[in-house]
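You will see chain A twice below: alongside chain B first, and alongside chain C after that.
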Partner chain A sequence: MKDLAISKNGFVFNPSTGESFRTNEVGRLILEMLQEGKSDEEILERILEEYDVSKEEAERDLLEFLNMLKFYNLM
Partner chain B sequence: MSDKRKVVVGVTGLNNHDNPGPGIPTIRGIRESDRFDVRIVGLAYENLEPGIYMRDLVDKAYLIPYPSSGSDAFINRIMEIHQKEGFDVIIPNLDAELYIFITHKEFLRQQGISVFVPELDVFEERHKANLYEFGQKYGFLVPKTKAITDVKDLAFLPEGFSYPIWIKGKYYEAYPAYDYHQAVHYFNKIAAKWGLPIIIQEYVKGTEVNAVALGDGKGNMVACVPMRKQYITDKGKAWAGIAIKDDNLVKLAEDFFRKTRWAGGIELEVIKTKDEKYYIIEINPRLPAWVYLAVGAGQNIPEALLRLALGEEVEPMRDFKVGTMFIRYSYDLIGHISDFEKINIYGEL
Partner chain C sequence: MKKPYVKPSISKIVEGMPSKFGFREVVDPITEIDGIPVEKLIKEYGSPLFVFSERTIRVVYRQAYMAFSTRYPKVQFAWSYKTNYLDAVCRVYHQEGAWAEVVSGFEYDKALRNGVPGDKIIFNGPDKTREDLAKAIKNRSLIHIDHFDELYTILSLTSELEERPQVAIRVNMDTGIYPQWDRFGFNYENGEAWTAITRIMMSDKMDLVGLHTHIGTYIMSPKPYGVAAHKLAQLAKQIEEKWGHRISYIDLGGGFASKNTLRGAYLSGKDTTPSFEQYADAISQALIESGFDSYNLPVLFLETGRALIDDAGYLLGTVIANKRLADGKRAMIIDIGVNLLFTAFWYEHEIHPAKDVPPYLEDTTVYGPLCMNIDVIRTNVKFPMLEPGDHVVIKRVGAYNTTQWLQFINMRPNVVLIDMEGKVHVIRERETLETITSLEKVPDHLKEIGLSDTTENN
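And then the complex of A and B:
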């Protein structure tokens, strides 16, 4: 996770596998916070601060995104 | 006046087609060197190998007989060309010709030609058919591998094998077979083209990663760039790839050179499993066709190979730019029948 190169435009490059991905603004925020070592709770809090979204919806989307990262061996 | 060292370099593997040889990318690397003023003499087997006609890269090209025509015919032709060109170095780029170059290394040296190739024993040990034993001897993980000569051997797989398995040619081509019928089909297909034996290999699940690397013959690794294929042709060749950061693979290559004292270039083909184990599936005994990626990423491996062949000390290269990519493309060279005539009739152009 620490090695991931994340561009401002949401392009993500994994230098150890050569794979690249595209994510949106929220995805980029989550990845950057994970790189900083933030917890899931801290990330959720930040999303709720910055976006007009219910806690339930944000929790569900965050969990889904984290599962996807695990599926692609990114965390 | 240029203070670059003048050298005449013979290069094989000019078959820069859809299943390309490493000759042209090797020449590109050497041409980019600021140490040498090179004359490149291309050594080709077929009169339509594209490298023959690449006049900006190849100064002069000659046809040579296939290694299968015997080492005398092969070496005699090399010496005939040497009389005209005065080779300093020959860089062999094809698996099938390496045996002759290795067994005639000393003879060629006496004639003034350096060939930077490994010792015969380690060259044979890493052969596809012997790879499993090689792994056991040197302490590398290798999928179970066995050479077979009869299609009937597929009916009852040797102990420790179960489908799917890889069916591989002695030098080239490999297909995964998921059942007996597929295995027989690929056995016959490869045997018809490349002869026997056929190698069967355990199918290890994971991600394929490759590395191009260079050893100095004294146990040191001089260069190494790991690569992941991004696009693969129907012949299984990389058509696009990217330099990746894989310290474990670099360490594996370093171990290989330390343990074998290999002299020259290799391509390591490895399966990385989910639990981060590295299984060597092939060790190709020369630079791969994608070696120019290493040049682009900051390690001019062909130049370093030439320097080693000339007896120079080469400082190990460690850095390269992760994320450097290559994208192969096809290109229509324009030639003329008069050039084709010359290579056909006189065996040179």
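And then the complex of A and C:
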């Protein structure tokens, strides 16, 4: 996780496998916070502060996103 | 002021990866068909929507006709109704000069309604009723006899009718392909075909005008056609030797492969399917080398179906939802089910987005909307990310889908034809609830069901 290179325009590079990914703005925020070692709750709070979204929706999307990271072996 | 929220997403970039064919895989959008924007078609005629291109029908037909007529002097196509019997589609082929090839009383009547003269209808298939046969005899249609029971029915009809039946026999044979279709017609190798011919010639009650075979469908090599043409030519020559009777045509049926890719095939159909020229080479060579008197060559009949129409048909649809499967794989649900796209069981149909999208592809399973496990349009296809409401275009769906489709869970959609001038015509209207219920009858004792609406009382 720490090694991931995350670019401003949403490209994510995993140097240990050579794989590239594309993410969007909220995805990038989540990845960056995970790199800083933040907890899921902290990430959720931050999303709710910054974005116009309900807690239920943000929570569901965050969970799904974290699952995707596991699927891609990024966590 | 908070920022607008977009659901977080991440996808692996496979763009630029060499595919199994060694090429870079790209999924180009199809934004229009014959100059008409896909968005406009869906907006006006709904989704899903079958679209046929009259231009493609005519162009492909002319290519096929050219390929054969430049190699063999007498060629006659007969449009295979079961492949697509929408009246408008059949009429395009008939305008191009094709006769009709039918396999049931229903298809026979449809051909007559379309204005095909009775003597330009080929009547194939194992299921012709006595009434069907009587009608075909009176109209001097070409009856292709499938089995001895049919032969005896025709014989018995000759005592009631004035017209002499115009018949051919369907022959099945070993052409080197597997599986060998031996359930239709009379076998060549075991002498059954010769027995049937003898029976017809001895009866002197009907005219044996042709010999027919249909060796299978989606035959990916021209060679078996050469073998089939050779064997039928041999039969024709034996008939001439024995009875001094000349067969007027040899009918090699359908079966040329279209450019669709078979499920599980390693190579794309676009790269492996023989051209019409290659099929024509094999067939005309075998016929010409058979030693017919060159002034009396039999007419070559062809009943080509899928190879003529597949490219002309498109199925447009809409993305309903995206999902992740339990193993994380992406799944896309569209409003096109296998009940509309029967050929999804056969083919890995090409599917395209209907607009420009970022070229990042991900392995995706494409599901239809039916509540059934078998409703898979593509098991695995590298596909860009589309959002619900976005449109897709499935290519090469012209053959068999609008004849084998099932009304299931929902009504069948509109079918449109884009004519040579780019005008769009509805050629089959979408079904309504009334289409379905108008055929149903409710017995009296079921008219009242007795459930009352209790919500108002609460």
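Going forward, the second predicted complex is superposed on the first by the 75 of 75 C-alpha atoms of A that agree within 3 Å, B and C clash if a C-alpha of one lies under 4 Å from a C-alpha of the other, contacts with A are read in each partner's own complex, and residues count from 1 in each chain.
The working rule: a contact is a pair of C-beta atoms (placed from the backbone, for glycine too) under 8 Å apart; a residue touches a chain by one contact, two chains touch by 3 or more.
From a predicted model like this one, the values you see are computed outputs, not experimental measurements.
Three-chain overlay on chain A, with chain B and chain C fitting side by side and no clash. Once the two complexes are laid over each other on the shared chain, residue contacts for A:27 go to chain C alone; chain B is not touched.
Of the two partner chains placed around the shared chain by superposition, chain B is the only one that A:3 touches, whereas chain C remains out of contact.
Once the two complexes are laid over each other on the shared chain, residue contacts for A:67 go to chain C alone; chain B is not touched.
Counting the residues of chain A that each partner touches, chain B and chain C differ, and the larger count belongs to C. Rounded to the nearest 10, the angle at the Cα centre of chain A between chain B and chain C in the chain-A superposition is 70°.
In the superposition on chain A, contact of A:15 is made with chain B only, not with chain C. Of the two partner chains, chain C is the only one that A:52 touches; chain B does not reach it. The superposed three-chain arrangement places the nearest Cα atoms of chain B and chain C 5 Å from each other. In the superposition on the C-alpha atoms of chain A, the part of chain A touched by chain B in one complex and by chain C in the other spans residues 19. Listing the residues of chain A that touch chain C in their complex gives 11-12, 19-27, 29-31, 47, 49-53, 57-58, 61-62, 64-65, 67-72, 74. Touching chain A in their complex are the following residues of chain B: 207, 227-228, 230, 241-246, 274, 322-323. Chain A meets chain B in the complex at residues 3, 5, 13, 15-19, 73. Taken in their complex, chain C has these residues touching chain A: 2-13, 324, 327-328, 358, 360.
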